[in-house]
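This report refers to the structure that appears directly beneath it.
Chain naming follows the written order as A, B, C and D, and within any one chain the residues start at number 1.
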Amino acid sequence: MSQLVKDPKEKSFFTTLAESPSTNEFIKGIWKDNPVFVQVLGMCPVLAVTNTAENALAMGFATTFVLVMSNILVSLLRNVIPKEVRIASYILIIATFVTITDYAIQAISVDLHKSLGAFISLIVVNCLILSRAEAFASKNTFIPSVLDALGMGLGFVLALFSLGALRELLGNGSLFGMSIFSDNFQEWIVMILPAGGFFTLALWLLLFNILKERRSHGK
Amino acid sequence: MLNKTLHISTSPHLTKGITTVDIMKNVVYALLPVAGYAVYAFGWDALFLLATTTLSAVITEHYLCMWSGKPTTVGDWSAVITGLLLGMTLPPAFPLWMAFLGGVIAIGLGKYVFGGLGNNSFNPALVGRAVLQAAFPVAITTWSAAFVSDRFFGVSSSLLAQPFMKPTYDAVSGATPLSAFKFDGVLTGSYELAFGMVGGSTGETSAIVILAGGLYLASRNMLNWRIPVSILSTVYLFSAIFHLINPETYPTASFMMFSGGLMLGAVFMATDMVASPLTPTGVVIYGVLIGLLIVIIRIWGGLPEGVMYAILLANAVSPHIDKITQNRVYGTTKQRQTA
Amino acid sequence: MENESLWYIFINASLISNFVLAYFLGICPFLGVSGKLDTATKMGGAVTFVMLISSMCAYGINALLIAINAPFLQLISYIVVIASTVQLVEMFVKKMSPALFRALGIFLPLITTNCAILGLALFQTNKGYGFIESLVYALGAGIGFTLALVLMAGIRQRLDFADSPKVVKGTVITLLIAGILSLSFMGFSGLGG
Amino acid sequence: MLEEKSSIEVFGQVKNTFKHGIHPPEHKDETNSLPIRQFSFAPVVTLPTAQHLGKPSKIIVREGQEVLRGQLLAEADGYMSVPLHAPVTGRVRKIANVPTISGKMVPGIYLESLEGAGQEVIEGEEVSLESSPEEILSGIQHAGIVGLGGAAFPTHVKLKIPDGKHCDTLILNGVECEPFLTTDHRVMLEQSEDIFLGIRYVMKATGAKNVILGIEANKRDAADFLKSKVPVDLPLEVRLVPVKYPQGAEKMLITSLLGVEVPSGGLPIDVNAVVINIATTAEIGRLLPHGRGIQERVITITGPGVKQKGNYLIPIGTPLRYILEEVGVEGTIREVYMGGPMMGVAVSNLDISVTKGTSGVVVFAEKNVTATQPEYPCIRCAACVDACPLSLNPSKLGILAKNESYDLMAEEYNLMDCFECGSCSYVCPSHIPLVQYFRVSKSIVRKRAAKKQPTHA
């Protein structure tokens, strides 16, 4: 992964942005430490709700919301929470925000809530959120924690969207519910089935691996 | 002439003389009559379909080898088998572009990612077929009738559907004996089944031709006869028992034996050496497992046919079967149980 | 859904709607500990065990929450209960059977963040299962999880010695195999109905 | 055709066989009817001091010394060693390193035969049947006798019953399951008196009460002949066993004749049996009454590359080049094996001489050898699993060997039980050199074990 930064061309693109450390906190989650494609975290929602682009985005933003909020709270309370019960407290904080999100989504769109089902509640056990709380927010101040959460969340959204879009496009011939191809397009039903989730994620990871391979060869 | 440098090899200096390529070629020979009968029954449709899947499998194998910088393994003939078998599991009027895709998936997903010949955990043709089944459930269950009079005067329109487009079907389409039984309660006669006078996948229609191919391979020791024998006897036994208990609900044993993909699956698919267990006890357990799963899925499942799923599931179990059925090593007292 | 037979609940949880292969629950341990058969079996056992216990707890809590009319506390109390159950089970097993603890020890803490456990509690509540039904559902889910894990372990152990391409090694091939297994499990659809 | 024949035999005698095994073409018809003939003396014989398993013998002659046929050239160096006797009457030309089949040069003697010398064998001190078991064993050692079947294990060590064990059954190995070889067959037909006498010596030495001679069913004539000749007071039972490779392996023969298995890692004596090769028995009967040392042995010179195939009585130390010049070869020779084609070793150099363990020389000419087949991946056809006489899993072992998991092979897949019979490689359609893998793996495992445990001796 580090080759990406060392690569001279990439560097020129990143240099200006990466001047300040806080920009880096934000950027790393999107590409270098992408929670899904690089860290392979939070797989359940990645696979379960990415059968359409809309679900994927909704799930992504819901997760990002919980991620940002819990990071904020954890970074603010990091000196208050006793070390022994910190994990339990993090889980409580996360569970609270997930419950809020759950009710909020129900209020915004019942259909969406239905199609995401129990997976909204399952954000609680998304290892991404707990790992950011423990690994970053508990050791950093407010601003970097927010940036880190936003970056990771955005990276998560991007990953979910790239899966959801591909699966919906092939599996249903549409994007956000709008038909893209001609009426006669033959849907690949497998893509919106569970197996399609496994295959699509594998495909994206494979692409990442091939890219990595190419770059390390090119060096 | 005693001064020439001698050739050094390690013992044993004799080999039986049968090569892996010989085995693969002979499987192809055994499949050719099945393919021929399919063309006879379904006309040009079957010919184009089988040619497409075979070509697609071979091309995929070749390009994947090139892509990973290895010498091409097309020469071992295993891709031809995969292609032919895949074609035989598809309906005769299956759109060619889907069939081509199936060949790519069979070799790419079913074989290449596992490390090529000798490493595939599942039967590659069935992996291809399973993906196609899940992707295009309508196309793969739209059957055309066998021995249609104009089968040698052109091809079905669905066959030539444009890539990525839905096929349009000619008026005539036949149900398979299994789906006719499952959904309409109609029982097809044994004679029609044995000689493939029925609708169904391209290669599965005539049990006799398939059995002949199996016998040929078994006689040349290129096919483990224990597998088809244990599958078929399990299916026979259980369906006979159920038929005895309640002849109204459950079909006769011979109907179960000769309908659907059972013969093709038992003789040519389940016997894929790479994906089946090694030990003599292991293959029997494997066969019985497949037979049981077929009966369970056909009788109680939501699908009319379960051969493909049964074999794929048994493939997944076969490493474990191997593990618990290791031969007792000479001079040791207990069965070796490897962790 | 009162007319679901126990048999159907079991088949559905273990095979048709397998937690791993159809609901993607417990993917992290599925990817993580499916490399060796030995650990896979133990992990499966531990998960099944915890599922049974937390299913009982969840049933009780749900009844309580409905009684005091505070369903919004559902998620929070579930996660707290599961986390503490795992802790209790860990301590209990350590006391009662050191051998079992040695076998399951390192897996128990991991289970806290296993979404299959929370998923099970949520699903059984959503489906409105009674006590016995919940237990059968938990047993089926646990066995289904173990089955998926064990099948994957067998295949992956064979792959250790295979010449699979470098770019697919690791997570990619595991996901691909999971996909194929998921397709194979589709054969069970409609069973037990 | 051959397979059919043997399967009928198997059918008639279902019980007296071992599991699995293979049926390679026998190629014995070319030589099994040819009587043993004395081979001429080579002008120079080369005698390595390491012709047996164990410590090489110690040379006691000096360069230029004249020796008589049968005279001691080198004496045993310890218990796991046997002496070496002069195979011809002649003069020690040189004491120097000589080439051996393993490719190593070992200390040895170049012995020039004297033309016109009488070549009578000198006699030593008789070891009578009345001697004690220890005296017989020592007589066997002094005669320089080793297992003539191929392993060249010192016979007196093999016949020594360890303390706390006892021998019920003496098994004579007249199986000769290697294709092409017919020496034991001819010995059984021509040296029955030596064999019977040898049996008496060995019975005395081991204390065995029963003697079973196992003969493969393709040598029925030898079995019938010996049956008709057995002296009334000799408790010898001659039994036919099915034609199947590797029937001649000690463990397999015990299972076929006694119906028991030698425990993994154990020896025949663990099932109260001792196995000895039939030609070795004949040699004991021939040499001990005269106190002589071994100076020649019966060797089958055969293979499609040989003109005058046959069973010859050849002085130990005769160079292969001399032998092949005498019998004549067809065209250009390409491969020469010492021993049979299944377990024998390919020869790189015709200056190597035949030793006490050489049971046959098989020659293939250029035109008889098909091009080496490329290796394919293992397709798990299970042919090897069905062939392995020890019920090992060669397929799995081969995959593990390729991945260098040697410890796993030894601990969980019984690698060390493999005795390299070659059945798995013979049947493998993918031409995976399984036996070669196992040979290498075994030596690595042995080295690792030796490193772990500092030597006790």
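Definition applied: contacts are C-beta pairs under 8 Å (C-beta built on N, C-alpha and C of every residue); 3 or more make two chains touch, one makes a residue touch a chain.
Everything quoted here is computed from the prediction, not taken from an experiment.
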Based on mean C-alpha positions, which chain is nearest the centroid of every protein C-alpha shown? B
Outermost chain relative to subunit D, judged by CA means, is A
Subunit B to subunit C, mean C-alpha position gap in Å, rounds to 33
Taking each chain's centre as the mean position of its Cα atoms, how many Å separate subunit A from subunit B? 41
Round to the nearest whole Å and give the separation of the Cα centres of subunit C and subunit D. 61
Taking each chain's centre as the mean of its CA atoms, subunit A sits from subunit D at a distance in Å of 71
Check each residue of subunit A and list the ones that touch at least two other chains. 190, 193, 195-196, 199
Among the residues of subunit C, which ones contact at least 2 other chains? 163, 168, 172-173, 176, 180, 183, 186
Any chance you could list the residues of subunit B touching two or more other chains? 109, 116, 118-119, 131, 134, 339
Output every touching chain pair, sorted by label. A-B, A-C, B-C, B-D, C-D
What residues of subunit D sit close enough to touch subunit B in their complex? 18-19, 22, 24-25, 179, 251, 255, 261-266, 321, 324-325, 329, 331-337, 341-350, 362, 364, 369, 372-373, 376-382, 385-386, 389-393, 395-396, 412-414, 417, 420, 422-423, 425-431, 433, 435-436, 439
Where on subunit A does subunit B make contact in their complex? 181-182, 184-186, 188-191, 193, 195-196, 199
Mind pulling up the subunit B residues that touch subunit A in the complex? 95, 98, 109, 131, 134-137, 139, 161-162, 164-167
Touching subunit A in the complex: which residues of subunit C? 21-28, 31, 72, 74-76, 79-80, 83, 113-115, 118-119, 122-123, 126, 166-168, 171-173, 175-176, 178-180, 182-183, 186
Hey, which residues of subunit B end up touching subunit C in the complex? 68, 109-110, 112-116, 118-119, 121-122, 127, 130-131, 133-134, 293, 296-297, 300-303, 306, 308-310, 312-313, 316-320, 323, 339
